[in-house]
Amino acid sequence: MTRKFIHPYIPNSVPEVQQEMLQEIGVKAIDEFYECIPVEQKVQGKLDLPDPLLSEAALKRHVEGILARNQPAGNMISFLGGGCWDHHVPAVCDEIAARSEFLTAYAGEPYEDHGRFQALFEYASMMAELLDVEVVNIPTYDGSQAAATALSMACRITGRPEVLVAASTAPDRLSVIKGYLYPDIKVNLFDYDTDTGLTDLDDLSARLSNQTAAVYFENPAFLGYLETRGRKISALAHERGALSVVWTDPASLGVLSPPSAYGADLTCGEIQPLGIHMFMGGGRAGFIGAPDDERYIKEYPSRLFGIAPTTHREWGFGDVAWERTSFASRETSKEFVGTASALWGITAGVYLALMGPEGMRELGENCIKRTRYALNKMAELPGIKAPVIGTHFFKEFVVNFDGCGKTVAHINAELLSRGIMGGLDLSQNYPGMGQSALYSLTEKRSREDIDCLVNELEKILST
Amino acid sequence: MSDKTKSRDFHQARWNEPIIFDLSTPGERGILLPEMEPEIETSAGDALGELPGDLKRLSPPGLPEMAQMRVLKHYLRLSQENLGADLNVDIGQGTCTMKYSPKINEQFAASPQLSGLHPVQDENTVQGALEIMYQLEQFLKAISGMDRFSLQPGGGSHAILAIVSMIRAWVDDRGLSDTKDEIITTIFSHPSNCAVARAKGFKVINIYPDPKTGRPDLEAFKEAVSDRTAALLITNPEDTGIYNENIKELTDLVHSHGGLCSYDQANANGILGITRAVNANFDFCFFNIHKTFSSPHGCGGPGCGVVGVKEHLIPYLPVPLTSFDEASNRYYLDYDVPKTIGKIKDYYGVIPAMVRAYAWIRSLGAEGLLEAARVAVLNNNYILNRIRAMKGTEAPYAEGEHRVEQVRYSFQPLKEETGCGFDEVQRRICDFMCHIWSSHEPFVVPEPFTIEPTESYSKQEIDEYLAALEKIIEEARATPDVLKTAPHNSPIHHVAEHEYLDDPKLWAVTWRMYKNRFEGYFEPKKEQQ
Amino acid sequence: MFRLGLIINPVAGMGGPLGLKGTDGEEILELALKKGAFPRAPSRAAHVLKALSQEKDKICLLTCPGSMGADTASQCSMPFETIPLKINQKTSPEDTRRAAKMIQERSVDLLLFVGGDGTARDIGQAVGEGQLCLGVPAGVKMHSSVFALSPHHAAEIVSGLIKGRRPQPRLAEIMDIDEEAFRADQLRARLFGYLPVPGSRRGLQVLKAGSSASEKAKQQAIAAFFVEEMDPNRLYLIGPGTTTRAILQALGQEGTLLGVDALRDGQITGKDLNEKDCLALLDQAGFEQATIVVTPIGGQGFILGRGNQQLSAEVVRRVSKKQILVVATPDKLQLLRGNPFRLDTGDPELDRQLCGIYRVLTGYRESAYYRTEL
């Protein structure tokens, strides 16, 4: 080093300070601290990294230059969904999620970090209202993790080694579930009707046995339609002593019944729609809801914050049944717990408080009606089939373009050149559906946006 | 110590903020949604009414109804009742590397150019994001010497899950499922190592530390390794901050029995640019982006754990990876991973954390990373020297040796002398705008506390923390009741009655559970029937 | 109100500072008094009561007259009731036993006793396994694990109980040694029985220390792992202890808590064996065909020779070192604070040979390799 490096992030780089500290410790140089590391384990020379961008201005220019090469869906007319949705994020959510106090805290105690305990307790409480359950955890990594964990909990609660999962489950989520449960828990699939999308109840009944811990399905399904016979599915599961585990979109629950109303024992899902930006799929957190039943509570691997009195009659909080977690007990813990997605839990709490019951109702109404409008308009286009699967929809539906003789890839490329992001291409994952795409409508898609899409599609399809 | 490093007269905000449901006024609105255009109303008709009965929500969710500013105020107040690392001298959160998360990086992470990206946008429209992911991977390869990285896991434990899933796949793939069924770890390695290994169907062998040196007992280790050993999962330095110089001997031994070795680098902050996973012959390693690479901890996530592997394990990595096609000069998501364990997380991982890490490494370069490590270690040994001199504390193991980036200390002598131990000190130290945290499982070290100063705090701040510690130790002797009834200057007072957290009849993890059980202030509810 | 029983053995621990290694037996006590020993149990008891002074209103203290409790209680201004026990100026073990019985009959939430191993033995003999007890250490020997770490610690546990924290009781060993042998520098610690004591709340940070997965559940997990690995053709000699007993219970067998039982193919084939019985069975089984299963006994981590003397040097010599299997819950290992297991078979040469690393079953599909030293 020719010049002493004093970086703004490293205060004790100042040579005089270092000297003072070394002197107090009684060593001559920092190198002495590393004498414990054998020479052959040491890095020879410098790490192969680019030269630093020392000034903040240079760093800003550099990173923003790279980011400028992105064209975010959020700035365009986007119909992409399929698990990550372009809902509006209220400004207050951004404000709170960016607060230093929340952003940079970690695992403080219920005293100096009282705020995060209360905010997360309130998040869980508001989610419990939305889901109509008594227990909701501090968020998991994402909705897929929540689904996998809920199924794993079901196996421990019932003492059974097998789960039945709807074949209609989102493909990526199914991959996470299978990977997570392997090798101890067997995952079997049950069929659905490729026309109505509804569960094949005969197939489900035939597969249920006294080894089945849980029956899992998603509502709304990945392909956008609604399962109307949830009550029947739950009843079939219960008849054989299995639990009903349902994945749901919390954005739908202002108007749609929570799965607990049709027999779900465990409800799980993703809170990204509740005030969390898409971040290319990097803004995610999962929830698991359960009844007030010790057998369920004891099987949560995640943290649960409970309310407790203080010596001065304030609202205090702490970890409930902490021993469940792998933090507290290596040898008997359920699964594991680590840093997950607490900040997004706080953010989703802010969202639910802003929305209130009426906001959630309006959100649901927006999604359902805009979807219906888009569906009606697109179905009018020649050569297009919509919907491909299902009868009732929340905010997504499948459109087929086989009749137009064009691929989804081509259509989407054309749309993109006109400032529109078309629906998610399903032709790879669902070859049986031909050239189909999943179109998603949030409250952000105005009539104009939809009309624009339809007009442009008309042009593209007619050339 | 100068006057300016005395412990200060501090009081945290105390808002006595009600639970949010008690702030509700029927009719108030926090935000309005787009109004439905007439064309949409006409076309959609009674779409809601047409839903089958079972699907219609019968009563609205019992959410609070609040005007926007009230919501904002409530959460701002709660934020003030939370002592983030930006405000305190967060060196008592040992093992978690609470370094400064630069604000400029927050601007990048929050940029609509990033936050507005949908995960399945056309790859041509996300080249910036992919470039950052790709380049970050190159940096991590240089830092560790590994051959490929997955950035997908959402935290350290999740990274362990990815690694053990790969070990599982590797063992099964070679037809060794019945013969390679043991995983060795150490008692000072993170508990998730043990929990995940068990969940993935392995038997777990824990190695205890040698009582004198604090290193994993080498003789016990040799006894434990056999042809049944599928893998070694080990942290180095462990949470004691002691570097295990025998680390390569351990990996060589496991390799000689055909097993794999995984390096938990959650504690890498003191060895950046000093030593690398590849130098100790590891097959896997993982880093926590939210620790070593400066992404903020967000009250417990979102984090990001990145998993590195050697060449022979690349085929097992989770999909997708990020690759670069020179012909077309573009980055792409690469699903061509023949034996992949599949996905372990939605999409591609926690992208904002990756952008922060990218920017952090770019702002420091190789020299800066090395300086960060060296100063973190200097700070740590400065503290060690000071705490060793405090009567009432001790630093078990490795007497007289220097440590790397952190030390696990014990208040056992203080506890024996005064009856005040970790619990009391912990509740008292928040009266001095500091904190020490409490998960130090397993409790091999009694009354433990762990200090990890990182490179981010100035000597003056460190002195202030130590002054607070010294003052509290004095108090434990002179006025123990001050500790026993602490905290005094926090948002709330002592939660003394733990049955509310332990007893299934009393605990309440949501407000509705509370309302079902209690009324007023924890008055048991009278039976309704 | 929390009903607290208190028995002080005023002579406990008097020999220690004088190098007398215990005060059991009248002559020794007189010798101790002559040498200028002063009672140390009362001051330790006072320490506990003073630490509980804040909780005074919630405690209904029931104690013995005079030096066995009342003196200390009034000195600490702690209100109390006295049981109608007649004691002499010089108290005896019989007084302790009678006091314990009387207090138990008057039903208390916790019986606190201040003394040493001998006191614990007397209490155990009097109250059996039906009374929650806790020892405050004041003796010289202290091999039993029924004691809190210190008077401070004892007060903390009592205060927790008063506040309503009721951790699962744990059966703790009562160990004592033959005092005559001890004074002749021969250690012969024996396992005399068990007393239920308040289970340790894992962890120190109380807000996070929920009700611990019970010691029993952990023992069951170890037993399940043992059964999974068990070789039906092998002879197992199962040593004393609650952890080893859990193995037999998992197999639906009723073992002896303090004795050595023989197990083969999931069945008990011999109960409460003495050294001779063990030798005969091992000779019958043949070399390398038997495994000895032990658990560390007492707070000092002895796996052989203290509390399981039936497994004598002769017996242990008949199996190879690899066939000594240790079972212990992680909590029990943690109580050793990193110290190794220890041995005392009575044959120093054998002890030296047996030092080294042992496999320890610690949970379901979990084990440790742990060091054993002299």
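Order of writing sets the chain letters: A, B and C. Residues in each chain are counted from 1.
Everything that follows uses one rule, which is that a residue touches a chain if its C-beta (ideal position, glycine included) is under 8 Å from a C-beta of that chain, and two chains touch if they have at least 3 such contacts.
Model, not experiment: these values are computed from the prediction.
Student: What pair of chains has the most C-beta pairs in contact?
Tutor: Chain pair with the maximum contact count: A-B.
Student: Where centres are the averaged C-alpha coordinates, which chain has the largest centre distance to chain C?
Tutor: It is A.
Student: If you average the CA atoms of chain A and of chain C, how far apart do the two points sit, in angstrom?
Tutor: Roughly 51 Å separates the two chain centres.
Student: Take the average of all CA coordinates in chain A, do the same for chain B, and state the distance between these two points in whole angstrom.
Tutor: From the centre of chain A to the centre of chain B is 19 Å.
Student: Indicate the whole-number Å distance between the mean C-alpha point of chain B and the mean C-alpha point of chain C.
Tutor: 39
Student: Residue numbers in chain C touching 2 or more other chains?
Tutor: Counting only residues that touch two or more other chains, chain C contributes 202-203, 205, 207-211, 330, 362, 366.
Student: Please list all residues of chain B that touch 2 or more other chains.
Tutor: 194, 206, 426, 438-439, 441-442, 495-498, 501-502
Student: For chain A, give me the residues that contact two or more of the other chains.
Tutor: Only 109-110, 318-322, 328-331 qualify.
Student: With touch defined as at the start, can you tell me which chain B residues reach chain C in the complex?
Tutor: Per the touch definition, chain B meets chain C at residues 187, 194, 198, 202-211, 217, 219-221, 223-224, 396, 415-416, 419, 421-423, 426, 438-439, 441-444, 446-448, 495-499, 501-503.
Student: Could you please specify the touching residues of chain C with respect to chain B in the complex?
Tutor: 51, 149-150, 152, 155-156, 163-165, 202-211, 330, 333-334, 337-340, 356-357, 359, 362, 365-371
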